[in-house]
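Please find one structure pasted underneath; my questions will follow.
Order as written gives the chain letters A, B, C and D; numbering starts at 1 within each chain.
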Amino acid sequence: MIDSVSRAEQTPGERLPYVELGMKDEEYQRVRDILGRRPTSSELAIYSVMWSEHCSYKSSKVHLRQFGTKAPKSEALLVGMGENAGVVDIGDGWAATFKIESHNHPSYVEPHQGAATGVGGIVRDIMSMGARPVAVMDALRFGAADAPDTRRVLPGVVEGISSYGNCLGLPNIGGELAFDPCYIGNPLVNALCVGLLRKDQIKLATAPGPGNKVVLFGALTGPDGIGGASVLASATFEDGSETKRPSVQVGDPFMEKLLIECCLELFQADVVVGIQDLGAAGVSCATTELAANGTGGMDVQLDLVPLRDPTLRPEEILMSESQERMMAVVTPADIPAFLEICAKWDIPATVIGEVTDTKRLVMTWHGETIVDLPPGTAANEGPVYERPFHEPEGQSALNADDPARLARPDDLRATLLRLLGSPNLASKEWVTGQYDRYVRGNTVLAQPADAGVLRVSEVMPGATETNRGIALATDGNGRYARLDPYAGAQLALAESYRNVAVTGARPLAVTNCLNFGSPEDPEVMWQFAEAVRGLADACKALGVPVTGGNVSFYNQTGAAPIHPTPVVGVLGVLEDVRRRVPSGFTGLGERVVLLGETADEFGGSQWAQVDHDHLGGLPPAVNLEAERALATVLVEAATRGLLTGSHDLSDGGLAIAIAEACLANDVGCVVTLPGDDAFTDLFSESASRALVTVVPESFHAFAELCSVHEVPCSTLGVTGGSSLVVEGVLDIPLPELRQTHESPLPALFG
Amino acid sequence: MSAARVGVVTFPGTLDDQDAARAVRHAGGEAVPLWHADTDLKGVDALFLPGGFSYGDYLRCGAISRFAPLMGEVVRAAGAGLPVLGTCNGFQILCEAHLLPGALVRNGGLHYVCRDQRLRIESTDTPWTSGYTAGQEVVIPIKHGEGRYVAAPDTIDALEAGGQVVVRYLGNPNGSLNDIAGIRNEAGNVVGLMPHPEHAVEDLTGGPGTDGLGFFTSILKKLVNA
Amino acid sequence: MARVIVDVMLKPEILDPQGQAIARALPRLGFSGVSAVRQGKRFEVEIDGPADEAALADVRNMAETLLANTVIEDFTVRVEG
Amino acid sequence: MARVIVDVMLKPEILDPQGQAIARALPRLGFSGVSAVRQGKRFEVEIDGPADEAALADVRNMAETLLANTVIEDFTVRVEG
């Protein structure tokens, strides 16, 4: 039986399983108040997904506002937060759109498909802005590298990202891979996509113009990810066809590739008024958001949705998370052209409704009205919670547990090798070698690099030749954030910002993925509030606005939350991408120069973890002014062609940075440490530092640039030879260094 | 004189077509886009079947694409001597279409492999490799999950005896028989290889160096001189 | 020596992109009359001893833990013959 | 409506690294007594009409030209039952 609006009116007392759908009593009451009656089961399906934490940001909203209120003025920002992805002006009429999103929980249940559909989802967000997706990145975190569960999850996740991204034809230009026991049972899989478009071709998720048609196109709708909806479909309404409803979604990258090309052709033909991808909450989300952001009304014939499984009920169709689907608003006159382009690409496309000016979203099922609601109430006016928060018990004890008490090593050579061969600092080639980093032919820098760099060269109407480039990096450090979420978030931004700057790109804008435990835990909520505050303040100080992002809560196993893990992505622009600077040593006899100041800072460091399994004290001090000055020097020096190599210092400090720089092209170096404590010089993780190489002829000009911007600059030595030599401290032949760096991950994962 | 015209074929799921077209232009030619569902080769002077995952490579790489309407024309033109180069998925399609012997199966290591690969050019006796010197060592990216070349022993023997092995791996990345990275047909006009020369044509982008450019300059030189 | 066959197919409710791509292509290749295709895996497991109940139980266990991903796949085990 | 099964296996002389990797992993997972594993594909083809000789010939043709690559693979076609 179908639960129509008229039936709902006749059976006001009928109880719906809103609790099973995760709705609170007062939320359900609000729905009744909005509608003036009990909701139909289809309406309840819509409200329950739209008001879920995932879609409504009900616990995070009050904090995230700071990204807007504290946002630095930026002329580059074309579309800010709130749309599918932010859009940034990168010059010459070009715009870039980028966003990072989590797929943590699905990746734990089914690593391959979970990670694959994570990539698919973020790519569709980028497409829905009118852009051509041009690259992806992935920021991954797993439990201890040798934990059995990591061996199950990691290879599957990497294979999922690899198979989906490679098949889509998007180069993977970077990411992260980190291990920490806190992520056991709760890996973090954050995927980023970046797209390019002409500034005047931005598309928005809006459905203006009564009479315009609503088209659903892409994959057929199946029973994917609708465990909850089945409760609804079967709990109240008897139904014979009890087929199984899987909670796992399977991706079809081939369909997505066709969808990309199809969408771009639709944009070129100018037959799209508004467009929205179908992600979580599928048709519910697309219809309510499009309607709410447009003229305000929409009529949908839900029985026209083409199905993969004919037994699906309307509630299930509304909640299905089948992948590779999009929804567009198209004028009646353009419908034939629209459908013809879809047919060319073998993409099923169906007109399922029409835009109206009734301010109501009305859905029918074989003639009966099953949904009649004001779309804004579902899309934009969900519940907002001011969740209580307080500092975790034991936080001050944790901060008081200073790593100064830890025994420091005598044999620094062994320490360096131990760190370099630890899973967090070892070569990520086992992962990155499974990703196509070259497809589309515009990859300028990818692994190993501090940021991925792309040439901006897409064939698009209105595009002219340019030498522009964009750079992207993502960073996060759960250990720092655990010690101090405010500083930890700032350090994540600072590192990402620095990683973009070392390539010579001017940092422009920020995206972020906030991975936390349960917001219902006041201690987690404190971590969240602090991290957002820290990130918003730092964005302001560095002059880079947040353009969008994603919040992932409930990352915990039982009562134990993960370390708070804000992952921050920064996008930068290179006016002339031919001036990009690689991260390794290239030539012989070049000066190796350290920028920035080194202090004795080991709280949350890799050394403390590897040698002492210790987490305590405070993370490295944040100095955003120094960070900004450093970036200014790096970008200007790159633009003037003063640098031959440039690598940021982060995890593992100077020792690891030098080792990586040597290994990039098998060029050794001989350096002398500047300070009086070799251990601190080598392994401290002080922020705002970089290692650069300068040919002797450029040194004077470079040093002057540093002094103008008050960036400390000390020459450590010269490049050359076949060993990493730190005078009086250590001497490691490059083959040994390489063996140590490259063998751990293959040994662990096959 | 108008530039030589090299057709670049796009199947559903082809990925490296834009790169291939750029490489053709870079070498001084005109890239002519060709669509799998058409039956018109537009009078091109040579054909390039680029890499990708046509039809998702779901069944078997190249298995479905080889039935494309355009492939009928490709087979006919190849028989008539038109120079044809297939890289990666293009190579797989040429094998599936029986324009080249053997087949490409799952990598021995079972992982997709993307890396800058050392290769040796074994045969300069094709319109696509005439610009190299025999025995020349080059570095060109590979990126594939199913690139292990296999064929019956007598086929392999015949390829070796006939000088039909065009490119060989130095350090076999996928378990290919005899380290074979690329082959040609008996006539020499049809060449297939797993590496991606179109990703090694500019210093700025792709793999290190420009060792792949020779495939494109070879064919253009031949067409201009023809 | 016996041969045991393990067939692994995606569960019916799970999307099978491979099968769908084939099914969509068939009409264009001149094959009509096919309403659906599903693609799965087939394993031939050679066991040293006879294919008795114990051996089959072993293979079933193997299918459950290694050959099939039971989150999305079903499997069947049978002796070839 | 009938279901026809097409099994596709690599020819015995072609190396099957997937099967080998599984066979190698088995002892580590505590399974002994398996001497070899080979991995192939299984297709379930739903045909509209009955599985008569004509239909089977059609499917055989489809297997020969599309589902299997006879350069490296063998196939068998049978009606499910």
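Here is the rule we use: a contact is a pair of C-beta atoms (placed from the backbone, for glycine too) under 8 Å apart; a residue touches a chain by one contact, two chains touch by 3 or more.
Small disclaimer: the values here were computed from a predicted structure and weren't measured.
Counting C-beta pairs in contact across A-C and across B-C shows that the higher total falls to A-C. Chain centres here are Cα averages; for chain A and chain D they lie 40 Å apart. Chain B has its Cα centroid 36 Å from the Cα centroid of chain A.
Shared contact sites, meaning residues of chain B that touch two or more other chains, fall at 55-56, 58-59, 64, 67. Shared interface positions of chain A, i.e. residues touching 2 or more other chains, are given as 252-255, 346.
In chain D, the positions touching at least two other chains are 66-67.
Which chains touch which is summed up as A-B, A-C, B-C, B-D, C-D.
Interface residues of chain D facing chain B in the complex, by the touch rule stated above, are 10, 13-15, 17-18, 21, 66-67, 69, 71-72.
Residue ranges of chain C in contact with chain D, taken from their complex: 1, 7-9, 19, 22, 26, 29, 31, 33-49, 55, 58, 61-62, 65-67. Across the complex, chain B meets chain A through its residues 12-13, 15-16, 18-19, 22-23, 52-53, 55-58, 111-115, 141, 143, 145, 196, 198-199, 204-207. Every residue of chain A that touches chain B in the complex is listed here, in rising order: 159, 162-163, 166-169, 252-255, 257-258, 345-346, 432-444, 455, 459, 577-578. Taken together, the chain C residues at the contact with chain B in this complex read 17-18, 21-22, 25, 28-29, 39.
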